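Both complexes shown next keep chain A, but they swap its partner, so chain B is in the first and chain C is in the second.
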Partner chain A sequence: MISKDQSPLNIMLADDDEDDRNFFNDAMKELKIKNNLTVFKDGKDLMDYLNAPDTVLPHILFLDLNMPCKTGNECLKEIRSNPKFKEISIAIYSTSSSEKDIEETFIDGANIYIKKPNDFSKLKKVLKEVVNLNWQFHTSGLNKDTFFFSI
Partner chain B sequence: MKLKDYLTPTLVYRTALGVSFVLVVSVALVFHIQMNSLNNSVGLISDSNKKQFELEKLISSITLKENSLRNYIITKDTTYLKSDSLVEQNIYKSLSEIKDLVQKTADPSDIAGLENLIKQRFQLFEDTFKISNSENVDMNLLKSKLMESSQVTAAIRKQIYTIRDKEVSALKIHNINHRYDVETSTITAFSLTIIVLVVLLFSLNKVNYDFRKLKKLNKELNFANQISDNAEKVAGISHWKINMVTGKYFFSDNFYRIFGLEPHAFEEKVENFIAFIHPEDVGECVKAHEESLKSKTPTSLTYRIVRHDGEIRYINSIGDFTHNSNGELVKIGVSYDITEQQNSKFILEEKNKNLIAINAELESFNQIVSHDLQEPLRKIQMFISRLEGGEIDNVSETGKDYFSKIKMSANRMQNLMMDLVDYSRTIKENKVFGIIDLKTILDNVLQELAINIEETNAKVIVGKLPEVNAIPFQIQQLFVNLLANSLKYTKEGISPIIKVNARKITSEEIINDTIITENKYHKIVVSDNGIGFKQEFSEKIFALFKRLETEASYTGTGLGLAICKKVVENHNGFIKAKGVPNKGATFTIYLPK
Partner chain C sequence: MRLYIKYDINQACRVILQEQLEKLDINYQLLDLGEIEFKENISQETYDSLQEGLSRYGIELLDNQKSQLIQRIKDTIVEMVYEKDKLPTSTISSYLADKLNLSYGYISNIFSENTFTSIENYIIMQKIERAKKLIIEDGLTLTEVSYKLNYSSVAHLSGQFKKTTGLTPSMFKRIVDKRRGITSEK
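Now for the complex of A and B:
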């Protein structure tokens, strides 16, 4: 029995593609899950925001891999090397399905790997699953660092 | 046979030599004895003749003395007495001669008797002379004396004739013996000559035979040397010898040719050879050489030489120690020109580098396809799905149709790109083989195709499958593609039934000149009950981008089976297809054990 926390979910998305950001936003809206979504255009902006004092840390961070300035991998490494961010679930949100990327992000500490779907309804489905998944962890206290799930 | 081993040619010839030597010597000895005997018989004959002669002389002397005495008695002429003493001397001489001769042969008593008679006769000569010389010649006494004298003379004559007759008969025997001796010695001499001749002929023959054999062997040896030299020339090989005892070096003819010189162009000294070695290699070479000579260990070196015209050649030199026919320690070795091979090696290395570079470029191309091309495509698909989510209701029927076609094309493009990526993965360089359980692979496959299986209500029956030595992701791709095909190409309204089984190879099959046997290959069969295909296309379907069914209802990129074939080829295996239109298709995979 999953008891849902009534407080909204803090979600962050870092993606350099405007269309993808819009899709994401629309999907979250249609899911009707209470959430606070913050979007970033690239890795540098993301890290600046995270490192700033008094920022509200997200529950889940969706990280694109191919970004200018700072790539998703670099952000991932930075975040995971900082104990302050260890509560954050990181979902890699990428177009690539190469084993190399999946392996690398897994080793660097990502929790979920999502291949960007090509269908809006699929996107909604995926996001719903991810959010629900994270709830389970939130409540059951499993170690996020060691869990890896690929969609 | 032991006897045959003993009868070596040397032994035979030595025995023959000994035997013939003994034979010649013994025959010569026999001959010598015979010659002696012959000499003896000749002596005997001459003695006998001499005796007879002396006997005759004796008689005639006595008769002569008788005559002279008679004449004196008749004439009283003293001139007849002059030769008296001489005659007497002769008589005694003959007698002594006969006596000598007698000692060698006949009856001495005969001679003694004769001597007596002669003495008697001489006495009578004296008496008669005295009587005839006295003043008063007593005629009766004279007559009786003369009578006595003639009697004695007759007796002498008789005796002499007896002796002579004995001699004659002895002589006959001597003659017979002599003839016999002559005959036998001739035979012996003749046979000796023949034996010597025969032995001589045999030895000459043997010498001639041996000489010819030696000449032939020598010719063959020369010929063999020539062939060897030619072979060296053709193959670019040479050989050398270092006599550790005498310190002498020997280089074969082709050794010089490798240096671009005529045979024996320089003296066979190691310094002359070292002078040709490339300055960068000479230090190491000399060191290795000297060490090897000290420790008597074999060497294998590769180094460069610089010819007089500046050309650089690569030489590979291998040497080892052994003993020659005199028991001296020698180092013998082979040096050969590997310049061509080295150059080929360099060219190959260059090509390899190029290939690696090309591979890297292909890799980046792959990256582009898997990332950058899929991006805009995904966007198209996303926006279409957004439209379908709402906006599409504002569009006309034709518009909706168009959108649906756009969507299909986009999907098709995506499938094509994904399949291309899969295909490029199968030709990638780093293929890691491992022992994998096909059952596990099939489980993964079923999981990957779970949605499709559910949608088509398909039944997949997987039998007992072996463990194979293969590249896991490629084998998985293979079965995914085959099963996806079976799930795709189904008969209308009929749920697909797919069977995956391992089969035993009962009879020998031959594919592409390779014999497939049970102990060398696995045989796995994937069969379905779908639309099948015409058997005449069984090879074509594996071609890249080749599709049989171009109907829109059957989506396909034409890459699936091409990928299957590539995977199977990567494993040195085979894949064969069998189809019956409207009944189903069977794909048989052979993988080496």
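Now for the complex of A and C:
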């Protein structure tokens, strides 16, 4: 790691697919930026964790749209209706590439929208880019309210 | 035969530092807690040599100086972006080099190593950030924004906006307006 005096980026992921979770883990390990990753296998576990008192909140949270029990969208709305989670950047990833869906997702409060590419290595590249970009915003004090990124 | 040693790392480092600094004729003072005060400005070359000499011992010059420089670079860029007459389009490198009194190559390397992005990308990021503010807070049209930020055309601004955010400026505005519950369309 290059900069010793930087606190690590806390990243969270909610995804019901085990392969996706493992894969995400690999991608985060390759990041130059120091980070801690916590994964959840569904939306309910995620929300329980976030709502618990004294939880260390993530800087950035990745949500898969398609999850059983509690969907990514439901989580998104619930998180955005709670001011306690105002500072968390939320990245949604989904297979949909419809502009309407993308716009809706941003309107509902997401900061980042990722169209899941078919290629694993492309996805890895995208994930790293997203985390990097989010970190740039974080360290340069830029406005989270108008932080949108679609890829 | 086996010998056991006891060592005082702090003392070893202190001595190494002193030797390296004296070797380069640097006028310095060693403060507590691993801080060195340079009594006069040293050239980039000297700084590099010092760094090289120390790296053999696994000693790295504290990031503090780097962090300060990074911050100065960022501040200079922000100042450039927010004051139109200071926004050079082709001489950004010489502007930064002059302002900070260091070679652009050096500035650029330090910046990239520590921020994981390039100066060029950072400038674009700040410009787009300002574009967002101008669109949302000042209600400027795209033409006005592209003028203020020294883009050659609206198309150029939109292109860079889309490349940086994945959204067009109008989509961006629509999203922000809807989020804020504003229903009027321009």
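Definition applied: the second predicted complex is superposed on the first by the 143 of 151 C-alpha atoms of A that agree within 3 Å, B and C clash if a C-alpha of one lies under 4 Å from a C-alpha of the other, contacts with A are read in each partner's own complex, and residues count from 1 in each chain.
The rule is short, and it goes like this: contacts are C-beta pairs under 8 Å (C-beta built on N, C-alpha and C of every residue); 3 or more make two chains touch, one makes a residue touch a chain.
Keep in mind that this is a model prediction, so the values were computed, not measured.
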Based on the superposed arrangement, let me know which partner A:N51 touches: chain B (first), chain C (second), both, or neither? neither
With both complexes overlaid on chain A, does A:N118 touch chain B (first), chain C (second), both or neither? first
For A:D19, decide between first (touching chain B), second (touching chain C), both and neither. first
Taking the superposition on A as described, I'd like to know which of chain B and chain C A:S98 touches: first, second, both or neither. first
Which partner does A:I33 contact after superposing on A: first (chain B), second (chain C), both, neither? second
Between chain B (first) and chain C (second), which does A:N132 come into contact with in this model arrangement: first, second, both, or neither? second
Most chain A residues touched (candidates chain B, chain C): C
Just checking: does A:S81 make contact with chain B only, chain C only, both, or neither of them? Give me first, second, both or neither. neither
What is the shared patch of chain A, the residues that chain B and chain C both contact? none
Residue set of chain A touching chain B in the complex reads 19, 23, 26, 66, 95-98, 116-123
Which residues, counting only chain A, touch chain C once they are in their complex? 2-5, 32-33, 99, 103, 106-107, 109, 113, 132, 135-136, 139-140, 142-143, 146, 148-151
If we count contacts the way the header does, which residues on chain B are in touch with chain A in the complex? 370-371, 374-375, 377-379, 381-383, 385-386, 389, 410, 414
Show which residues of chain C lie in contact with chain A when the two form their complex. 63-64, 67, 74, 113-117, 122, 125-126, 129, 132-133, 136, 165-167, 171-172, 174-176, 178-179
